[in-house]
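When the chains are written out, they are named A, B, C and D in that same order, and each has its own residue count from 1.
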């Protein structure tokens, strides 16, 4: 499973920064979620379709983030996303937020597949199969 | 209908500011929405209950905002909210964002009552009655 | 000055939506600001460089937005940005948020060039020249 | 140091939720930061004053969050904040996000005191003294 990480770049806009002059700490989680969404899209899945046709969504159950260096307005952030473990109803990802090769933040994210009532449920077969590749 | 405006205060946190050192322009609309929500609560209505029991929600259809002076980290913002017009399915509010009596921003907001499918629909009777008071 | 509008596309992520199932109204202003930033970059200007080397930044003084139709998770939004008027210290833009050719929101945005103390000031010559093209 | 936690309540507004119908995961970090700010204010310190008069600010270096149960629109969230460890230039806090006594999320947050250039620096004496109480 340790293949090359998925990569996507996002510029830093004013909305991402705060009066300290740097990217606000909670916003790294937004960049990470965008990257996970694009990674899933690349595997052929949209979150809206998962919710509407399969009745499931992924929720974050645990997030452990290290903030190493600040990011600034107009930086271009490269987000690396890698699947670490995948179970029947959960998965663990590792993500890094980089700028010009330097790691600014890195995090481990655990997600659970839940149904419309918010209960843990098995991932749809098609996702398991696509992720196993 | 021009009775005293509803008033509520919110402090400015890092999340509200940007790298320009001031409150990010879109965030004034968040403060305004919080104030409209509290104004409705004071009238006896919660947006969640409206959605769950009446199947309706209010959506903003038009928002005209003037930004007069910047707000800064740790400012306390007083939001004034006043109903200007109320129809069967729409209402118009006027809102001001103030600091120590000075107007920092002011806006006119038009809202429409919509059903679960997003179609314009009549406001529940109880709301009309409560707003007419 | 009425040349072709600048165009850029942004996907809608979970962060942009709210419990009504649609893009939160204030977030259209974030999409619009991203698009104005990319339009400026295309003209050769970064906001960080403007602030650091010229000591100026652009602040929104007036924003008049019409919300026509809702946007949903995983939509791809096309933002069109067009300069309408440009003075010595202010400019007026028109922006549209579209999906598959349909206008979801449109807005007129007035910006002022201010110095580090927040006072209105003339735009740097290079910007005037670049915008006049 | 294990005295009673600081407590503050915040309502959940539309801005805090996402299309999954629940509070967006990154927004728990906003609630936590608001609570840390109010805890500092209660000790007599404002972040703006710290930055302007002492030239220092606190940045988050590590955040480990468990999301136990979802929060919904119109919930009232009680944030508990407790100082766990305090060094010369860093501190560790434990925070819980609760609703009616149930823990929805809990996190350990490590902060570092940095100067205007972003370098780790000793906390001002007055803060050390106030936190030691």
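The rule we apply is simple: a residue touches a chain if its C-beta (ideal position, glycine included) is under 8 Å from a C-beta of that chain, and two chains touch if they have at least 3 such contacts.
None of the values given here were measured: they were computed from a predicted structure.
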item: More contacts between chains, B-D or A-D; value: A-D
item: Farthest chain (mean CA position) relative to chain D; value: C
item: Euclidean distance of C-alpha centroids - chain A vs chain B, Å; value: 33
item: Inter-chain centre distance, chain B versus chain D - centres from mean C-alpha coordinates, in Å; value: 27
item: Chain centre separation in whole Å, for chain D relative to chain A (CA means); value: 23
item: Numbers and ranges of chain D residues touching at least 2 other chains; value: 14-15, 20, 22, 26, 30, 33, 72-73
item: Touch list for chain A against partner chain D, complex; value: 20, 22, 25-27, 29-30, 33, 51, 57, 59-67, 70, 118
item: Complex contacts: residues of chain B adjacent to chain D; value: 11, 13-15, 30, 33-34, 37-38, 46-49, 72-74
item: Complex interface listing, chain D residues touching chain C; value: 14-15, 17-22, 24, 26, 72-73
